[in-house]
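What follows is a pair of complexes built around subunit A, which joins subunit B in one and subunit C in the other.
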Partner chain A sequence: MKKYWGLLKPRLDTLSRLTALAIIFLSLVIVSPSFASAANIINVLRITSLTLMMAIGVALCMLVGGIDLSIGATIALTSILFGKFFQVGQSTASMIMGITGMLAVSILIGLVNGFCIVFLHLPPFLATFGVQQIVRGLAYLLTSGLVYSNFTEDFRFIGGGQLFGIPMPIIIAVILLLIISFTLNKTTFGYRVYAVGSNRESARYSGIPVNKTLITTYVLSSLIAGIAGIVYTSRLNAAEPTIGAEFAQTAIAAAAIGGISFRGGNGNVLGVVIGALILTLVSNGMTLLGVDSNWQVGISGVVIILSVLVDRNASVRKT
Partner chain B sequence: MNSQSLRSRRETLAHYYHKVPATVFLLFGMILFFSLLSDKYFTVSNIMNVIVQCSSGVGIVALASYLAICSTGVDLSLGGIVSLSGMITAKILTWDIPLFSQIRNNNPVFLLLIAVTAAIAAGAAIGSMNGLILARTKIPSFIVTLGMYKICETFSRVIAGGTTIRINGLPLFEFIGNGSLLNVQIGRRSIGLLPISMIIMLLLYIFFSFVMKKTRFGTYVYAIGGNNESAALSGINTVLTRYRVFLYGGMIAAFTGIIFTSRLTSASAQNGLGLEFDGIAAAVVGGAAMSGGRSTPGRTLIGALIISVMKNGFNMIGMSNSIQMIAIGCVLIAVVSVDTLRNRRRFV
Partner chain C sequence: MENTEKAVEPFLKVQNVCKEFPGVKALDNVSFDLCKGEVHVLIGENGAGKSTLMKVLSGVYQQDSGEIYLNGKKVEFQNTRDAQLARIAIIFQEFNLVPNLTVAQNIFLGREPVSSRGVLDRKKLNADAQAILDSLNTGISATDKVELLGVAHQQLVELAKALSFDSEILIMDEPTATLSENEINTLFDTIFRLKARGVSIIYISHRLHEVYKIGDRITVLRDGQTVGTRLVSEASMDELIRLMVGREIQRERIREENTVQESMALEVRGLWDRKLLQDISINVRRGEIVGIAGLVGSGRTELAQTIFGIKRRSKGYIALFGRELEKSSPGKCVMRKAGFLPENRKEQGLSLNLPIRTNIVHAALSMLFPMGIVRRKKEKDIAENYRKRLRIITPDTKRNVSNLSGGNQQKVVLAKWLATESDFLIFDEPTRGVDVGAKEEIHFLIDDLARNGKGILVISSDLPELLTIADRIYVMREGRIVKEFKDSHVTQEEIIAFAAGGVVA
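Up next is the complex of A and B:
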């Protein structure tokens, strides 16, 4: 018995999170007849995949003890850039150029974030908030009030197409998930991320290149936001500077529900998947049940607070 | 060295010069910058305009943000509280149920008192919910206040019922946001030199300067911000202090809601949403550190003024909204990095 408890104990948080997810899922199956249809489940998964992509990036930053508020603005700016590039040629070549440009700019934003945090010693909350302001300002500046739309079929395939009957966003999210999961669990970089997040000073003294790890993490987060931006722009078939205003909050909420600690060094990718699923299931369920859209906002707020409470580490405070 | 020469040295100008926070120079620099670019900038009417914009927007919220940041938290629900409390004020003032209609006809001042009290009570309720959860659990304040923000937004939208509530025929209420005690006539326009909203803002700041400096509560907040563990070990009731920080924050934000609604003489659910980030920016530009325990209400007010001056200034010189966002982001990063670099040099 004790042997099993030893196996179980470190996974208790994941288990309780899974239980919460299962309870939400089952109650939706019982309450709403249209929920359990294959079409709706695929729809839920497709919406989840986008939240998941952004949440993984933010989760990486939270694992090193930081946070990334700039991802929504990054998605807005990169999609505007794509619109600009696309307008030039409206061909496959301009599409590839646009996508390359999107990824390059998102890496640049990540570098700026990392630079502010590592070399200017800014708290991550402020650094990424400032960068978010600048990036969204640039997005507005570049559009001058235009909305780009009507992209080519090729590009729309990324967000709206299907491969073997599975929507592309899901495939992209799963691939991304596997890569990040592998990186975190099996590579030196992943080990460094946890070490830096747990205790930055001791990581530094044990010879881990802390600054490099931090910058790489923020670049990765922005890069993943860039990829999410491609998928989102393609799915929306439009680019405008207002998109993504609440993406950062949703992503952080998903990561927090998934047990990624704000102090860093604690949490895994599976938790983020559960967090993103819980958020999407709740909003999808409310829509199916015909809950008034005004109330949906508040109920999602209650769900965020309650589902973080499931975590053992978040439960009772003594001081 | 005898004590007399020490005292005279302390009272030299240089001593006072070092006591002035660097952000004051930034504020004056900015005003100078905008005055050079636009000849309409440095006029009495525009300066009063900036002050009213500050006191009906970021000014008071920044104080609440500062309290939360000082105790190593962050309060994202402030924008929601502004929206909700403003909405409750408007709803009570215009509600067509027999009870309120009767009071409105007989004694409008009493109705106004009810509305203001209800708005502040709503702010206190949301703030104490924040505080209760944060004091008793280890959920990060980011998550709790984000959830509360959404709850506030919902209540605000439900009360509004999809429309904008307009308040007509209550001059006393409009006086809170638009009125002024001392008016001067410049040209054809009458300009208020002592706007009520500014007085409310200053009173709140003076009160909280006193609270943070002279009362036990203030010391406790700084202690928690400095080191939560050692504060708890030295016998400070950290649970209660943390609760009170967010309770007061909610009540302070409710004042902004009332002033905001009064200034626009209408309330929509969108009012005030997003102010929480302006408030955080103002508190941080004023010198608050996200790690807690630093800055004062006075410095926060300077930070709020800097944000307001910037927003107004970029409008005056005809810069677009996008340039404003970029500039605020740049100033935020610049000010905080100068601040951190200076502090590192002093201590390391």
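Up next is the complex of A and C:
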């Protein structure tokens, strides 16, 4: 038995997280009759899918020992840009232009984040916090208070449509998830991400291009935020500069509950999925149970702290 | 030097002090004394027990047995505060200053003068601090921020802080290690001034020539034992070196033949960095094992780091396998088939929370998987291959490196560099913290690598280690190469003489 313990231990974290998820799920099934309805489950999954998209990006940054607070603002700015582009022609062509513009700008924001962290040596928290303010400011400047809405049918399909009865956001999130999971587990880039996050000095001594890896990670996080922005704007059928204020928080919470360590190098994509699900289930469950919405915010805070505590105790025992 | 003082009962007396750490006897029956107004120099190789003795005297550690007498009275220090109250102060190599506070705030940290109304008395604070600084002739202003001062001045602030406790005994650990020639002279002046005031000083040093400038008596420590105390005026350099090294431990030489080839692996000419390294020229041929000896702080590690592009050079020529390396970086070196096994495995060599097999492919990622897609099977096979070849003891290479013992961790670092098929390897302290068995295995491996035509550069504080495996040895001191021994017929004494500065280069 002892022989297998060393192999089992790393998997135990995921296992205990899955158990927590199952317990929450089952208790909701028991307490709330409306929870297990197909409509509600689909609803939960759809909400989870957006959280998940953003959490995956932030988790990448956390894996290299950083963080990305700018994703909410990135979503706001790119969504405004889409509105601007769309207004020009109100056609499929302007939609494609808009989408391309969104992705390009999100990549640019990621580059700025990476630049501030790698070349200006700013702590990731501060760098992305500052960039967040700048980006949000730009979003306000660009709209001067306007709200863009009434996009074309084909654009609204991205966030509101269904394929084989499955909402598009879920499909997009799953595809994204598979790509990132493959990237982390099966590519040299993924190996570098873990190496840099686990021990930056050792990565450097091994000839791993640390700076390039860091910048790429922040670009990926922003790009994913851009994609989430497309889905969100489409679903909302509107673009305004105030959206996404709490997105970074939610994403970080999901990643933290999912066992992505703030110190880097620890955690996996499956954990983030579980984390996003737990987060959504808790708030969905509270709504179904009629918990006052004023209480809900605070209770999710308790969930986050508890899960991180449990996680830390587990990792203390490990060493 | 006054012989009259010697007759007086010593001010501080250490008798038969022992201190054991798991696995090592750091202090073994150490006896030592210090007179009023004396500068007593303590020398010994790395790991001889100097630091442990100092930490016992300053209350950081408690001795397992033995007594300490101060002014004829037995004392016991439970913590550093006790030692402070007994007026013993220590100045470590690493300063204990808060950089963003002023000099005065640092000197009286935690003991700031308070006015009758309970408010900080800034005027008195600055005046008191300035008085101490002036008494040392430092020229430092009490209101300067510490971070704006150079190393030498920071050291003087540490001195002032020590004196603010009215310390009667001052312990200085390698005080000149980071100072320039001029700064050293200033420090020595200060020491003479303190001596004249009756302060007794224990001065720890590696540098033999300094001993003659400031010491009254000298005590040599070796392997945790005091091997002799001499009047500086009566001790010859040769004798001191003999005492430091002790009997030659004849170790079996592992390398049977020198397998050196014609072609160059590494060539360095006129290498400088901004801080320490001065005009370094060395070379290593394929199939050759070259050692670098030197005391801690002599710049050995910095040299390796500069070659490998971890630290920047300010000028100089570096070539790998005959091709110049204009700007070195670890990535470039890896591509040019050079590897570096750093001194601190845990900090610089391994990702402890990642699997053994992943660590093994880290340096070779782009070589093994040029398409960017990792093949798990290949990763596993490579890891299994090195597990068998290097005899890494673990039930499964999927386990995290943190589960391994020191020797096995070192083998993982070695496997990482063998996986890149490097033809030139730098080993920085390859066997530090490794048990005897694993040590020998690593020596045989290094020999084997050289036999297979790889060029090897070994940095080691363990002289017998260098004598067992090196074909040629460079000695470094204060950032320079001071001697090259062209073959392995050399004794530890000869090496120490150059490393500690007993011989003018």
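The definition used in the following text is that the second predicted complex is superposed on the first by the 304 of 319 C-alpha atoms of A that agree within 3 Å, B and C clash if a C-alpha of one lies under 4 Å from a C-alpha of the other, contacts with A are read in each partner's own complex, and residues count from 1 in each chain.
Convention: a contact is a pair of C-beta atoms (placed from the backbone, for glycine too) under 8 Å apart; a residue touches a chain by one contact, two chains touch by 3 or more.
What you see is a predicted model, and the numbers here were worked out from it, not measured in a lab.
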item	value
Which superposed partner A:109 touches (first subunit B, second subunit C, both, neither)	neither
Touched partner set for A:138, first subunit B, second subunit C, both or neither	first
Partner chain in contact with A:251 - subunit B first, subunit C second, else both or neither	neither
Contacts of A:123 with subunit B and subunit C, given as first, second, both or neither	first
First, second, both or neither for A:189, with subunit B first and subunit C second	second
Broader residue contact with subunit A after superposition on the shared chain, subunit B or subunit C	B
First, second, both or neither for A:305, with subunit B first and subunit C second	first
First (subunit B), second (subunit C), both or neither touched by A:295	first
Contacts on subunit A seen with subunit B and repeated with subunit C across the two complexes	319
In the complex, subunit B residues that touch subunit A	74, 133, 135-140, 142-144, 146-151, 153-155, 157-158, 228-229, 231-232, 238-239, 277, 280-281, 284, 289-291, 320-330, 332-333, 336-337, 340-341, 344
Residue numbers on subunit C that touch subunit A, as the complex places them	308, 310, 329-335, 340, 342, 347-354, 358, 361-363, 365-366, 369, 372-374, 376, 395-396, 398-400, 402-403, 416
Residues on subunit A engaged by subunit B in the complex (per definition of touch)	67, 116, 120-123, 125-127, 129-134, 136-141, 249, 252-253, 256, 262, 292, 294-302, 304-305, 308-309, 313-319
For the subunit A and subunit C complex, residues of the former touching the latter	3, 6-7, 10, 185-192, 194-195, 198-199, 201-209, 265-266, 319
